[in-house]
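Presented below is the structure to which this report refers.
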Amino acid sequence: MKLKDWIKTIIFYEILVGMNATLRHLLHYKPITLQYPHEKRSLPDSYRGMLSLLRYDDGTEKCVGCDLCEAACPSRVIKVISAEVPGEPTKRYAKEYYMDMTRCLFCGLCVQACPVDALGMTREYEWAVYDKRHLYLNKEQLLAIGDRAFPVREKRLELQHPNVAFFNVAFTHLPPKDN
Amino acid sequence: MELFFFYYLAGVIILTALLVVALRNPIYSALSLLIMFFHVAGLYVTLHAEFLAAVQVIVYAGAILVLYLFVVMLLNVKREDRYHPQFPIGAFLGLVIITEVLLLAFRRSESGTPPMPPAGSVAEAVGNTETIGDVLYTTYLFPFEVASLILLVAMIGAIVLAKRDLFEA
Amino acid sequence: MVPLSYYVILSVIVFVTGVVGVLIRRNIIIILLSVELMLNATNINFVAYSYYFQNITGQVFVFFALTVAAAEVAVGLAIIIALYRSKSSINVDEFQLLKW
Amino acid sequence: MVEVGVKIVLSLTQIAVVMGVVLLTVMFLTLAERKVLGWMQDRMGPMEVGPYGILQPVADGLKLFFKEDIVPAGANKFLFSMAPLLALVPALIGFAVIPFGPDLTVEVFGVQFKPFVISDINVGILYILAFTSIGAYGIILGGWASNSKYSLLGGLRSAAQVISYELNVGLAIVGVLLLAGSLSLVKITEAQTGWFWNWFIFAPPFPQIFAFVVYFISAVAETNRLPFDLPEAESELVAGFFTEYSGMRFAFFFLAEYANMILVSCIAAALFLGGWNAPAPFLQFHGSLAHLLWLSATIWFAVKVYFFLFLFFWLRATLPRLRYDQLMRFGWKVMLPIALGNILITAIAAYLFPRG
């Protein structure tokens, strides 16, 4: 056993095994690289990319200005200034809504915190800009992202329950779907 | 042609030798010594001692001077500001010796300079390296062994001197 | 052809430069470099005489001089490092414990 | 006088051709290294510039040429500018004694001219060793003059490493010199003509295989390539001694590294693998095609050199970097005794079975 180890050291056995491995990869060359700008990966649906604000199908904003996303955010990305809907004292909406995307770490906690499903994570990730200030997004920009990323909004049916769908006032004219 | 080469090499050797002594920054001194070693090697080549020229560059420039640079950088000494106060005495002594030798060299005693070696002489014909090897391993075998012993002693001595905690460990 | 005396003069000038360097410099590293200068001066002489007298012995002795120079450098630099450790200086004026 | 002129013109042409080939090879190597490394790691390597990225070296060269030339504050400007040259010149100057093809003599305008070796001096190997030892100055001075601690550490490490491994290179070569009985690379190559068992790596009295392994490992260490790239270890010392360099000065260090790789490959091919000799005599042009011998000979030489260069990349793709104390211990306690023992045994073998 001693002699065997010694001979292995002399002929660089371990190194030769390693070199064999690298040479095999050279001869059976199957690259796993994607030529990124020319070809792109197909992303999973649950990909956590750029954040966006969503609308209902009739165009009204989903956001009710409850500030829960701001509270949930660990990096203090979100800033909400909520206000009453003029003329309807029971309803509120986000008068201003800012996201500082330079600090966002795409954890998705705000999306989970939102009671009305007003936030969504898109599959956009190509957000390189020359000026950091371009990543400080306001409500219009976030809504535009949402419109771009979710042209057809599938309603989550469980939210149609009257107890849950208290805020979904804009959909009252639609008949509830049965499961 | 040979005279021209000699003047060039000798001029650079003298200039760099003066710079070694005169420059304040030890690194610059070591670098002028490097240039001098190269020109001395060139001088050896004109004297048909190619083997020595190569050894000169390998040993002096490649090993010894790198060690000097190593120590200079290791100690990171600030540049020395003044020469030694015995500067005038040194300069005077140097001048005296130089004038003496120049006088002796130009006096041309009756023996004179030796005759020029004939072209295609022994050292060129056999090949410089072979000749040196022959002499080194036959006539001067004993000095050669002594030299190797000196190197061994120097190696041990250097380790003992430079090792910080040789006897504590 | 270059007369032999030219080589002698060159070697003497370099040698004296080395001597003056040892005398006037206070940085111990440069003093060692000056010693190298002197060794090289003798080597030039050896090689020149070896060529003009067609005797290879001169070159053999240059070879030995190289060996001795290498040994000298190794020990000398070790001494310098040891001195620097104890005195934090390489100025020869500060090493005067044996001075009366 | 005319003869001297013709001689000078011929030599200059030869030098220009060799330098051109070396620099072209360096250009090709920068691309080949990235491609080979990529393929070995299931990547693609550079793909953007030109078809399959083959114009990448040109793009790199242009980028480096037009980059801003930065001299760090507090740097020693003179030495900072000198260091890249001190690194590059010794690497290129060594090619003067490499025989790229058979030892032909052509007469051009009454001047004897050897087209495949710039200068056949009788201490060729010592000449190369002398100038490669100068390469350490470029590294150590570049590190010192940058006025940066990373550079200084890289430079000092490199100087220690290069000096230690140069010794092993020299000692590994001695065995070959004993068998060949000459220091001239042309004569050493000529001593290996015939079948491949005449190559010194398999030579009959005592095969120099151990010397070859010691030489190759030491050569990898001396050129600061992985797995011995401690002087420029990216993850530890940023980039070692050329951390502060940019633009053309950086390019010079880069060129020096690759030129050194080619140089040690050429020496390995000439000393151990028979230089321009084919493995078997019938693999060269012979008979009616004998006047084309130089063509097949240079091709064989190039094949051997490129095999070594590929080996450099292969090792880089396979092995992790050594620790510094491991590197030093390996050099002094493993490589040096093996090289010395090889000299001893080769000397005895050469005495008992003298060649030819």
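Read from first to last, the chains carry the letters A, B, C and D; within each, the first residue is number 1.
Criterion: contacts are C-beta pairs under 8 Å (C-beta built on N, C-alpha and C of every residue); 3 or more make two chains touch, one makes a residue touch a chain.
Keep in mind that this is a model prediction, so the values were computed, not measured.
This structure's chain pair with the greatest number of C-beta contacts is B-C.
Here the CA centre of chain B is 7 Å from the CA centre of chain C.
We define each chain's centre as the mean of its Cα atoms; on that basis chain A and chain C are separated by 75 Å.
Centre-to-centre separation between chain A and chain B, using Cα means, comes to 73 Å. Note on chain placement: the centre of chain A and the centre of chain D lie 53 Å apart, centres being C-alpha means. Residue numbers of chain A whose C-beta contacts span two or more other chains: none are found.
Residues of chain C found to touch two or more other chains are absent. Residue numbers of chain D whose C-beta contacts span two or more other chains: none are found. Counting only pairs that meet the touch rule, the chains in contact are A-D, B-C, B-D. Interface residues of chain B, counted against chain C in their complex, comprise 2-3, 6, 10, 13-14, 17-18, 20-21, 26, 29-30, 33, 36-37, 40, 43-44, 47-49, 51-52, 55-56, 59-60, 63-64, 67-68, 71-72, 74-75, 77, 80, 82-84, 86-87, 89-91, 93-94, 97-98, 101-102, 105-106, 113-114, 116-117, 121-123, 128, 131-132, 135-136, 139-140, 143-144, 147-148, 150-151, 153-155, 157-162, 164.
Across the complex, chain A is touched by residues 36, 38-44, 47, 314-315, 317-319 of chain D.
Put simply, chain A touches chain D in their complex at residues 15, 18-19, 21-23, 25-26, 29-33, 35. By the touch rule above, chain D contacts chain B in their complex via residues 79, 121-123, 126-127, 129-131, 133-134, 136-137, 140-141, 144, 152, 155-156, 159-160, 163, 166, 170, 183.
Chain C contributes residues 1-6, 8-10, 12-14, 16-21, 23-27, 29-30, 32-34, 36-37, 40, 43-44, 47-48, 50-54, 56-57, 59-60, 62-64, 66-75, 77-82, 84-85, 90-93 to its touches with chain B in the complex.
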